[in-house]
Amino acid sequence: MTENLANLGIILISAVLVNNFVLVKFLGLCPFMGVSRRLETATGMALATTFVLTLSSIASYLVHEYLLEPFGLGYLRTIAFILVIAVVVQFTEMIVRKTSPLLYRVLGIFLPLITTNCAVLGVALLNTQQQNSLVESAVFGFGAAAGFSLVMILFGAMRERLAAADVPVAFRGAPIAFITAGFMALAFMGFIGLIK
Amino acid sequence: MLSAVLVIALLALAFGLLLGFAAVKFRVEGDPVVERIDALLPQTQCGQCGFPGCRPYAEAIANNEADINQCPPGGEDGMRALAELLDRDPKPIGAEFGEEKTKMLAIIDEETCIGCTLCIQACPVDAILGAAKQMHTVIESECTGCELCIAPCPVDCIAMVPPRTTVESWKWPEPETFHSLNEREAHG
Amino acid sequence: MNGSNYSSIISNGFWTNNPGLVQLLGLCPLLAVSGTLVNGLGLGLATTFVVLFSNLAVSAMRKFVPAEIRIPVFVLIIASLVTTVELVMNAYFHELYRVLGIFIPLIVTNCMIIGRAEAFASKQSLPRAAADGLAMGLGFTAVLIVLGGLREIIGRGTLLDGAQMMFGPEAASWRIELLGADYPGFLLAVLPPGAFFGLGLLIALKNDIDRRFAARVAVAVATKQVPAA
Amino acid sequence: MAEMRSRPGGPPLHRFPGGLELPDNKAMATTTAIRTAPLPRELVVPLAQHIGDAAKSIAKIGQRVLRGEVIAQPEDAISVPVHSPTSGIVTAIEDRLIPHPSGLTARCVVIEPDGKDDAVEPQPLRDWKNAAPVEIRDHIRAAGIVGLGGAAFPTWVKLDARAPIERLILNGAECEPYISCDDMLMRERANDIVSGALIMLHALQAERCQLAIEDNKPEAEAALRDALATVDDERLELITVPSVYPEGGERQLIQVLTGQEVPHDGLPLDIGVICHNVATAAAVHRAAIHGETLISRVVTVTGRGVTQPANVEARIGTSFHDLIEFCGGYAEDVARLIMGGPMMGFAVSSDDIPLIKATNCILAGSATEAVPARVTLPCIRCGECAQVCPATLLPQTLYAFTRARDFEKVQAYDVFDCIECGCCDLVCPSQIPLVSHFRFAKTEIRGKEMERSKADLARQRFEFRQSRLQREADAQEGKRRRKQETLEKLKSSDSKKNEIQAALERARKKKEKQ
Amino acid sequence: MTAIRNALLGGALLATFAIAGVAMVAFTWKNTAPQITENQRHVLTSRLHEIIPPEAHDNDLLDDAITVQDSERLDTTAPVTVYRAYKNGAPVAALFTSVAPDGYSGPIYLLVGIHADGRIAGVRVLSHKETPGLGDPIEIERSDWITGFDGKALGKPALEQWDVKRYGGVFDQFTGATITPRAVVRAVKNTLIYFEQHRDEIFARQ
Amino acid sequence: MKFETSPAPHLKPPNTVGAVMRQVLYALVPATLAYVWFFGWGIVIQIIIATAFALAAETAMLLARDKPVRPFITDCSAIVTAVLLAWALPPTAPWWLAAIGVVFAIVFAKHLYGGLGYNLFNPAMAGYVVLLISFPQEMTQWLAPEMLVDGEHRMSFWQTLVTIFTGDFSSSVNVDAVTSATPLDYLRTQLANNRTILEIRQHPLFGDFGGKGWEWIANFLVLGGMWMMYKRVVRWQIPAGVLLGLGGMAFLFYALDPGSHASPGFHIFSGAAIFCAFFIATDPVSAATTEKGRFLYALGIGIFIYVIRTWGGYPGGVAFAVLLMNMAAPLIDHYTKPRTYGHARP
């Protein structure tokens, strides 16, 4: 394995900033909108997702590489990946619950939601599409999760500030959250070109 | 085709085993969420939410069987606290459950009271004192204002009155401006 | 929400409980593929197909799946359906398939689908479940079409661009230059921020309509009550 | 902690964060000496004049009381008795309007003076130098002395040094504009203050006493210096501090003099300091040496809304109206009547309210002076408020969370550390009534806590009742079963059939009765 | 004990569904796979056919591809695929997947078609990241600027005129954007030069 | 006697929002004059157009939202937004550009959030970015400093007006010389062509520190900034933070490789860096609000300006950097709450 460190750095920056999963690639939006009303919950969700995303990125790489490809079953990848993700989520939940009740209190309620976070499946699919290696898959998964966490936490803090704003009635709640996300996407366009 | 079926079946089998096992092994005992919800309810025990008391309502919320906007005594503030705890969108108290009223206290007109004890049986928090055939009184500090004692009284001697504002219990009002969040529909 | 009659199932899907505007589920495809009307329509129909059949399947087997493995079973059903759709689109609508890309397999994680399976189909009879699936799917599609249409008009000044991808080569001429050929295009609408702004505005519009309607109803009720009192 | 400019030769001073330099407007009321107000036709003495439960009236309607006679006894530990300000007849004990921001009424003793001003036998504390501290405290308590600096906290409690006290600070800062009662008192009765300081030092067993005075009161400073020279006690020290509002705030003054902060959840005595107002010291002197109780005080009657501003010594219970009349009546354009200073005082809706122990100033403001025509705009987050906050709070954030009704956050941002000085309010370009919002938040949070504890009580009682009902039902059920069993047994023996019948009858009757 | 039984039962049921689902998918796959492969090929060839019409050649372009590498001339270290068109065994044209590395926001991937006689048959942009609204007129969908290459050859115009007008060349620049068109022009020129130098190798069939 | 009551304090507040905003406008006057000197009348026309549309949009939104119009118009915040946005536009840009930008700024970035004080994002910069990504062509046509065009070709007020409203450059002006890249733009594109800084600086676009003309305007902007600091409209944290962040990054890379990185002085004195440091980043509403937070916020802006200028696709960088840090401001505030009096030191 001769992974070029610079290459991995580019994958990371690309996934976190330039091609941010939420704001540019449009993945993982449901939790982004759904559990970001408070900074605390947003942070919890971000942490849980980071863990699961990285792990399932690796796991689905392994399944794809060693189970599907050898048998020429690439077309089954969606089914296989979703199973993998469900297992990883369940597994994480079990481990966390067993080892650290404290952590479970923080992350517990978010874990089941992650299965239907399409960023997780998205990473797995993109890994196969981009033919990433194992290490690349891991870095890509982590980068995607870090990008997700970054905007999620910023968004959570912003929404707390929004709670005091005199937003026009029709825009209260979801609409202004979308508008805000729009501005975030606008700001993230500044990163275009950072990666050639 | 066979290999496809085999591979996925293998995966699924492992998955199913794990889940079935987890479902039994790691069943959650007791639900701390219910406690936390219950702690936010006003404990008026009035049943306006459609459940026999606050705790049943708390359980219903926890099980997704009831919405968070069904408790008028808790009012806007209570609903907000629930929304925050459960990370749901706040919504106004449903009109069908009654309106948020200022808190009232029951007083018994001691002249008229015939000492029938019916109100004592109705009061969910034992806030009424008195024995059969004697005059009854409401313990002001313990009455939750649930109004459950009103209906049973055969001589209609119980009335709800707003608690007196004294210099001690007086609260500073919130200054109003034209950009106050006039419609207190929570958002964020 | 127990959907006692069909009209309420339908109004749920299209308006009161619309997956895109109210439940806020399936947001990713909603934003990602609503660059043009045709893209939106394509993914909307694919999603409708999946939710319809998953509802049917779930409703059909609701009696004999134990609670513990309900979710995994649903997920399996949905994943199989989605893969089927994916293969079919790849074979027969190849260009559209390429445009929609990763968002076709991602229908699997559209929470709306599993949500309907959980909340509705697993408790209701077959025809009801079918109606619900159709209503929800089409409601979702409607939002996709409106958002896609708006973004296409504002962003490029056209409508129905790329119709040939769905309706065959002769549909290429369906493309309408709404704002004239030399409309420079307001790029914001087609770029990612435009998607967020667009959906935000749509939801606000819906809220506003609801509010006005509610206000009108309240007034009507009030005036009706006056003579009675 | 940054050092503040201090007089050459004086001890190093420190800075407290924030604060404002305000035009002091004190001169109007300091041109004449302290005037003594005549006895009014009626005195209204509220029973609650300070924190804690109201005192319980022991006077009877129609009773004649003497000056200095106790008319109400404290019920609460942190409380003091109330004395009759003059001799006369108690005409009523009823709810009257009192000076309170709520504009509500509270229980008062109404006395009609008989003009004789007969006093009870004065009981000075002879030989206080050899008295035990506890004796002095009890004496001060009996004299009804509370802090005259604004909060009217019972002075004897603060003299109860539960920890060793290093220094006593006498607060003569009087930092708020317009108010000059302490200034005049220091000019005219410096000896009383110094004497009071010595008594307090003894009561506290403290090492030294610092008299702090702002540098805008040179006459008072000179008078105090003379008084200090006469006693020549090296434990007493006069310190001039620069004039910055709200330096007179206890915690701010302590920080200026010691460089230390009073812990937010503690008291000054936790860092070995006790702070008293200079007027309080004078009152202690009068109680100990002359045996007088606290029945009058010096109050500044000022503002452009009153014709002849002055400092007036008046009996507690004199109405604001009488005091204003004594000072020449209202000017044409009077628009506000304020108890306290322009920063911390509250506007009252009527002048038919009595002077209380805490009233240091009656400000009759003209329209141009005291009616801020605020156009409140939204907060623009400029941060000016945070710059001037002496408690280093973030008023803009507190305000935002108060608006959002997020009281949890409001508390997390330390709203209870706000001393309500009004600095933030004044500098805010959006002219937001910040202090009012914080007061609202504070009472709202306290109210919620009360509701919460009430709800907890209700929950306990509800659960108790549920379990009681359950127990009763169980007992009933048990009884029924036992009865059933005996019944079965009895069924077999014919001989007791009648008995059974009778028993069943009885049971039925009993049930009907219930 | 029941735990294990439940787990087994669950697993079995799940496996059943899995088998059913996968069977459905596999069945679909069987029936669509040929069509899908065909589609994928079709996408590629149709791009090539934009430049070399199908009637101009008689070989299968996709099968007749070689890769060449020349980091200096072709501006990329990656191998460049060349599709070759023949009619009746005679070379007709070569299609290069060239790269213009110095676009405004990154490399621009091009398809450069060159007739056997050295004239440009056509150029298309395969992918790029240029600024929308500024650099994107290089796409055929946005403007026909790219067709300006058709028929040009080395020396026609002269080598130093292979540039945008501002720098003394013959090609238009875009308003507010000269970098993008310059990069494309340069890449096309370089491809032409490479083609001239290696014409025989390129058309040689092994 | 009865009295009205009102909450304490009972003194007249010395300050108003309108006064604060007007100080910003005054502070811009000298720099605007310098701008006119170097680049002609365009900026004045742009300011007028933008202000007119801003006031119209503000009024319309206030009416639509049922808010009183007077207090919010007289607070002048809409005018500040308009003027700052106009400053960021190419002086000969078509009129509709200013109109679209400012309407977007007022309607979307400001009033959907509740108007004055509630916006999370800097309205002027939001408007600018929308224009930049939607109309990059119009947004990148900059005039060369007038000094470059010989004296008699200076565009008159009338000519500029015609250009702005019709899009045609008057025939007397040499179009090639008129539309050109800004120094930053030029620097970036030439660096991409592997030219060294030294070579690039030979170009007539460049002055002693930054771009010719630009560096003079920057001086006047500093003057305005000092005025605002004197007036306590802005405090030192933000300008210092921006300049330190940008200068620090530039210094770091300049020290590493002066051949392919411009000097800190160049970075600070060209483009909108100074403008940003004193007028844009200082927008109190969308900035962090704690003292420490403001410094961090500004430092972040400085760093992002450098990153986007150097490696990004948009050479300006300022607007994106500001929006990016606007996003982070609430979080920064959250983590920079000062220690309250009497609380233990953390």
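Chains here go by letter, A, B, C, D, E and F, matching the order in which they are written, and residues are numbered from 1 within each.
Assume contacts are C-beta pairs under 8 Å (C-beta built on N, C-alpha and C of every residue); 3 or more make two chains touch, one makes a residue touch a chain.
Just so it is clear, the structure is predicted and the values come from calculations on it, not from any experiment.
Visitor: Looking only at C-beta pair counts, which chain-chain interface has the most contacts?
Guide: Looking at every pair of chains, the most contacts join D-F.
Visitor: Per-chain Cα mean versus the mean over all protein Cα atoms: which chain has them closest together?
Guide: Per-chain C-alpha centroids ranked by distance to the global centroid put A first.
Visitor: What is the chain whose Cα centroid lies farthest from the Cα centroid of chain D?
Guide: Looking at centroid distances, E is the chain farthest away.
Visitor: Please compute the C-alpha centroid of chain B, do the same for chain F, then give the distance between them in whole Å.
Guide: 52
Visitor: As a quick test, compute the distance in whole Å between the mean CA positions of chain A and chain E.
Guide: Averaging C-alpha atoms per chain gives centres 32 Å apart.
Visitor: With chain centres defined as C-alpha means, what is the inter-centre distance between chain B and chain E in Å?
Guide: Distance between chain centres, rounded to whole Å: 66 Å.
Visitor: In whole angstrom, how far does the Cα centroid of chain E sit from the Cα centroid of chain F?
Guide: 42
Visitor: List, in ascending order, every residue of chain D touching at least 2 other chains.
Guide: Correct list: 377-378, 403-404, 433, 436.
Visitor: Counting only residues that touch at least two other chains, what does the list for chain E look like?
Guide: 6, 9-10, 13-14, 17-18, 21-22, 25-26, 29, 104-105, 129, 132-133
Visitor: Identify all positions of chain F at which a residue touches two or more other chains, and write them in rising order.
Guide: Where chain F meets two or more other chains at a single residue, that happens at 7, 108, 114-115, 118, 130, 133-135, 313, 333.
Visitor: Could you pull out which chain C residues touch chain E in their complex?
Guide: The touching residues are 65-66, 68-69, 72-73, 76-77, 79-80, 83-84, 87-88, 90-92, 94-95, 98, 185, 187, 191.
Visitor: Mind pulling up the chain A residues that touch chain D in the complex?
Guide: 160-161, 163-164, 166
Visitor: For chain D, which residues count as touching chain A in their complex?
Guide: 378, 400-401, 403-404, 406, 409
Visitor: Under the stated contact criterion, what part of chain A meets chain C in this complex?
Guide: 23-30, 32-34, 75-79, 82-83, 86, 115-118, 120-122, 125-126, 129, 168-179, 181-183, 185-186, 188-189
Visitor: Over in the complex, which chain F residues touch chain C? Could you list them?
Guide: Per the touch definition, chain F meets chain C at residues 108, 130, 133-135.
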